[in-house]
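Consider the two complexes below, in which chain A is the common component and chain B and chain C are the respective partners.
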Partner chain A sequence: MEDQGRQIGDVLLEVENISLSFGAVRAISDVSFDIKKGEIRAIIGPNGAGKTSMLNCINGFYHPQQGTITYKGNKRSAMKPHEAAEQGIARTFQNVALFKGMSTLDNIMTGRNLKMKSGLLSSMLWWGMAEKEELEHRRYVEDIIDFLEIEAIRKTPVGRLPYGLQKRVELGRALAAEPELLLLDEPMAGMNLEEKEDMCRFILDVNDEFGTTICLIEHDMGVVMDISDRVMVLDYGGKIGDGVPEEVRANQNVIDAYLGGGH
Partner chain B sequence: MEFLSDDVLFFIEVLISGLLTGALYSLVALGFVLIFKASGVFNFAQGAMMLFAALSLVGIQETLGVHWTIAFILTVVLMIILAWCVEKFVLGKLVNQEPIILFMATIGITFFIDGFGQTIWGSDIKTLDIGLPNGSIDFGGIFIDELALVAGLVAAAMVVGLAIFFNKTRIGRALRAVADDHQAAMSVGISLRNIWIIVWTVAGLVGLVAGIMWGSQLGVQFSLSLIALKALPVLMLGGFTSIPGAILGGLIIGAGEKLAEIYLGPFFGGAIENWFAYMLAMVFLLFRPQGLFGEKIIERV
Partner chain C sequence: MTNKDQGLDTFPKLLRRNVQQRPDVPAYREKEYGIWQTYSWKDVYDNSRSLALGMAELGLKRGDAVAIIGSNRPQLYWVFAATQALGALPVPIYQDGVAEEIQYVLEHAGVKMVVVEDQEQVDKVLSVLDQCPTIEQVIYKDTRGMRHYNQPNVRSYEDVQEMGRAYDAKHPDFFDSEADKGVGSDIATLMYTSGTTGRPKGVMLSFDNMVQAGKLSVEFEKLNEKDKVLSYLPMAWVGDHLFSYSQATHAGFSVNCPESAETVHTDLREVGPTYYFAPPAVFETMLTQMMIRIEDASTIKQKMFHYFIGVAKKCGVQILEKKPVSLVDRLLYALGDLLVFGPLKNSLGFSQIRVAYTAGAPMGPEVFKFYRSLGINLKQLYGQTESCAYVCIQSDNDVRSDTVGPPAPGCEIKLDDATGEVLYKSPGTFVGYYKNDEATKETKTEEGWVHTGDAGIMTDDGQLKIIDRAKDVGKLKDSTLFAPQYIENKLKFFPSISEAVCHGADKDTVTAFINIDLEAVGNWAERRGLSYTSYMDLANRDEVYELVKGCIEEVNRDLAIDSELAGAQISRFLILPKALDADDGELTRTRKVRRRIIAERYGTLIEALYSDVDNIHIESQMTFEDGRKGALKADIKVRDSETYPAMRAAS
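Up next is the complex of A and B:
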């Protein structure tokens, strides 16, 4: 976990002319954008604009009917979410999807799943080795727990935690996978001001210290503009703006979409 | 143990035979708990899987004329194939569906396995003999059925192994993760496919062991799949998500129904054994619906 400095590099993920529909409902129509290595990239838009659908396409939950996604220079065919995870894409969910019966520690440990090698047989037979591996990963997870300042709730079943902390645990689980691309679905939704500020700080720190590329979704414009390098705006499944925060703020289409003009 | 009166000796004998029968109930219940814990599905097909496993073991032994160990290995392979098919053709298509839909699907699987098993192996009552002892041992005046004793020991060993597997290993954790949230599990790189195949295989193996134990006692026949119904009160007592709960629940039901039959039976005109377990389960549902060890559901409002 050393400081890798903050630098924005080449294109990590490129989405070209993606369209996605569910029956007659068009969730995304012909959207293209890219995410560069090391940046914080935001996707904003009113509710129902297709933001989460876009994340689900990148993550492999949905498969767009048209268009291509190129990740690390390879054009991806339709892939499953666990395959996306294997390639270094981790995510959080809009409505906190934690494993409620497990402790904070166990939840974050599941994030190490792909880093752990011992299989079914070996974990049953080579008990000692599996245990040693478990301990190694445990150390990494403890570092994340320190980083997110959630030491006090390590052993608490996450179902009992307040919402803001659950979101933090979920971020921890995503970080445990040491992702190259971290997708955050409304990381600040439903939080109070203080919690929002904490979350902003963590997002910036993750990006800064681990050099993780972050793509986050929000419908609340305010916070996002402050922490993002570039912002894309979706409305009714189409792209209506893209650029650095100042550009987007000045974009007339965006202003209309947010203030309800033209609807 | 001459210092004990005949009445006490008789009580202990009934208690022990009840506990050992209970261990067999636990074995059946264990199969349910495994699948419920790992996929949130109540697997109605567990009884059918047990019957199918026992039928296959006997069938392979008879048709190929091989030693039971070889038949056992072949049956294990068969259960793995069954698990693979269940994932491939049924559950794999139902990712992210409501538990009730998955439950309905397992009812379908039950009918299929029942019919399929009897089509291949026939529906006659078969005797299962893999050389398990069938006498009884005399412990100073207390007679204990040897087969039941073996069953109890096997059940105990399986429980310890499974408990460690679930709580201490990576795959155990992945299984629990899948039970909690499919989407989140996939997003951390857990393959639902593999997990479901593993868990149905393990449940199949537990079914096989339970099938061998019950089959040795009662013969391999269709009614074997009905023993699975006895697992329901066991689960209500022990909690659907708890392996120790399944064991303790089984023991309580087993001992409870035997003791009730002997000591309360005369007041009710006998045959208490048949309904006592369900009665006990109902009392539990009224006062402790999550069972002895089940996870209490905490709902934030």
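Up next is the complex of A and C:
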């Protein structure tokens, strides 16, 4: 939680000319963009534009056939999601992917998994290092619970929570990994206005308080334009716009893609 | 530990006594990071000392005002002791007030420093800073989100304490010598009344007031350092100040602060307070939720629950009040305690309760008796900010649902002959309203009697019964006392009746408009196979009129017991074809009846009530939920109800 504030720094992640196809379907074609340290970067576009595929490429679910991804100055070869996680990339999913039967607290604790070092045996016995380690992790998780204001549901199984809160728990789990780059896949989908406003505030706070770089996908144009530093627009797998929100809003290609051309 | 010692006339002195006598006893607990963090009396002393010295270093002088805004946090309670030690004046403010409301108090009290809980409150204070030039420092407790605030006059609680510790090292005697300068007649706290009527008024309470009120009540309830209280009601409310600060400092018991407003119920269970306060609505909600959960339980559990609740109804209250009960009942009750009441109380967080209070509004007698029959010592309390919360209090062995008890120790009560208004005199009687001598004179007579604005009657054995706001109380033509709200509340305790409006001022008899509760009466109709098409249709059914008539007559029987109110029984009534609604201006947003508007709109109906017609046609405007207006046309039946001759109370 060091002081980084709202300073946007160098390029953290650079995507160059990547293309991804599934058989004959071209999900992404020749897209380049970058994410700078400390910024909130949005990817928008109509359904099927390739937004989620792009996130999946960044965190190693998919491997693009062409192009390169450079993360913290290192050109990446095809890597597995857990390797991406070890390098500080965390994400949330479009459809909430939590352990439904486990409590909020336990779900967020799983986000600390990569940081836990003690062995199987001592963990089972909760002895020595394992005890000390778990207490430290619990403390960190409690900070997140406090941060996201979910104290009241700490012990509630997440399956019983309303959707908006599940989304918040998922954000908590991603934060528990202390990511440098946080990928949010439609963090506000299916939420009512109040929940959206809450979520916006948390995203801004995460960015501000933890200095986390955020890349988010969102349908709600209003939200995107309000909280993002830069916005990239995809349509049919290709990039049709990129820039600060005002530029994107004025971009004729973007207007056509959203409202349909020829109107 | 009673306070017989000399010279313990202020809270800073009492705190110092606590450090000497019980340094390691828990004083404040706060749930943070999911764990209860405990602060002993020594921690409290050390923390308030460093805070006080830090504020002194920042320029706080004797007589300056310090505002406190935030939810119940130990660190904010310490501000009281810290400022009082320096002879400054703490002013707690309701934290949910919007900026303008807070601004009024900050301005009026001429606040010099503000101690707040978090960023939200900092923002509020900063937004009104221009209008409040007296504010020199803003101190916040929670550092979250505060990194970008670099105004020179905004600093963290810990930074101030750090300055205080440095100051302490240079001037080790300063703190105690300042604390010794305080005397009992100094103003201890400035509490602003919530202001339901006009602008909030600053009630000046001296140390003598608060210390005496605390001492008397601690002795009355035999509170000691082993007691625990959950502090979850606003710090700016005099009740919380009394329980969580005055009594706690006196008796040395622990004050437990919940993690957040949403976790109060969980925290209540974890703490298991011995001493508890809640407004009636909280108890009612708990009961409803409990009943809903029982409906979902297995048949065996349901049967067991209902059987033993029956036992408790029969003898629970008598056992609690140590009255004679047959051996069989005693044994059954003990079994019930093992199987039902114990687990039930545990799940509510009431396992360890010794004393529980309710106040602020009338409580349904059924609800009241239910809790008492479980063995929870629930009592009623009557008081106001101007009296440090205590005027009347019920003693353990004589608790009734319809009175607020005899005068509290040290209090005297009299009723104004003309208006029936309750006046009192007590050690806790406030010094005056801050910068408002006119209001002080209106409220407090030269002999020290304080006008409460409430109308009441004394029962024959000396218990006070609050019936209404004094200004709403009228007289019938034969000068019988007519307290509409009192009768309406009695009616509203029936689940079938959602709202009632009584008429009778300057009339021969009392009559009533009734609103039925659609859900309760709808269910009732369904069970008897009574079909209906709409609210209006249901409200006009003869069967429903019979149901309501039964309720009214029960209220009448109840009123007949009271010699003073027996003349004000309801003789005629009608059921309104629509629910009274705030959208139509008939209720306030807090669901209080607006008598004047109702009297205007339904004038023809009132006339019908005082004539001998059986049916009346009405046309009126109404507003639908989507804001559209519509006309309401209906034929309404008017019916008589039985009244009863006055009788003496059975007791």
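We take it that the second predicted complex is superposed on the first by the 254 of 263 C-alpha atoms of A that agree within 3 Å, B and C clash if a C-alpha of one lies under 4 Å from a C-alpha of the other, contacts with A are read in each partner's own complex, and residues count from 1 in each chain.
Keep this in mind: a residue touches a chain if its C-beta (ideal position, glycine included) is under 8 Å from a C-beta of that chain, and two chains touch if they have at least 3 such contacts.
As the structure is a prediction and not an experimental result, all values here were calculated from the model.
Annotation: superposed three-chain arrangement on chain A; chain B versus chain C shows no clash, the two fitting side by side. Once the two complexes are laid over each other on the shared chain, residue contacts for A:Phe147 go to chain C alone; chain B is not touched. With both structures placed on the common chain, the touch criterion links A:Asp229 to neither chain B nor chain C.
Applying the stated contact rule after C-alpha superposition, one finds that A:Leu98 touches chain B and leaves chain C untouched. Touch criterion not met for A:Glu14: it reaches neither chain B nor chain C.
After overlaying the two complexes on the shared chain, residue contacts for A:Arg139 are found with chain C alone; chain B is out of touch. Touched residues of chain A were counted for both chain B and chain C, and B has more of them.
Once both structures are fitted onto chain A, a short way to say it is that chain B and chain C open up an angle of 90° at chain A, using Cα centres and rounding to the nearest 10.
Of the two partner chains placed by the overlay, neither chain B nor chain C lies in contact with A:Glu195. Of the two partner chains, chain C is the only one touched by A:Asp205; chain B is not. Touch criterion not met for A:Asp30: it reaches neither chain B nor chain C. For the pair chain B and chain C, the minimum alpha-carbon spacing after aligning on chain A is 15 Å.
The intersection of chain A residues touching chain B with those touching chain C, taken from the two complexes, is empty. By the touch criterion stated above, chain A contacts chain C in their complex at residues 3, 5, 105, 138-139, 142-143, 145-147, 149, 151-152, 154, 205, 208-209. Partner chain A is touched in their complex by these residues of chain B: 161, 165, 168-174, 176-177, 179-181, 183-192, 198, 241, 295, 298, 300. Residues of chain A touching chain B in their complex: 59, 61, 80-82, 85-86, 90-91, 93, 97-102, 106, 109-111, 113-114, 116, 118-120, 123-124, 130-131, 133-134, 159-160, 173-174, 177. By the touch criterion stated above, chain C contacts chain A in their complex at residues 32-34, 144-145, 147-148, 259-260, 262-263, 266.
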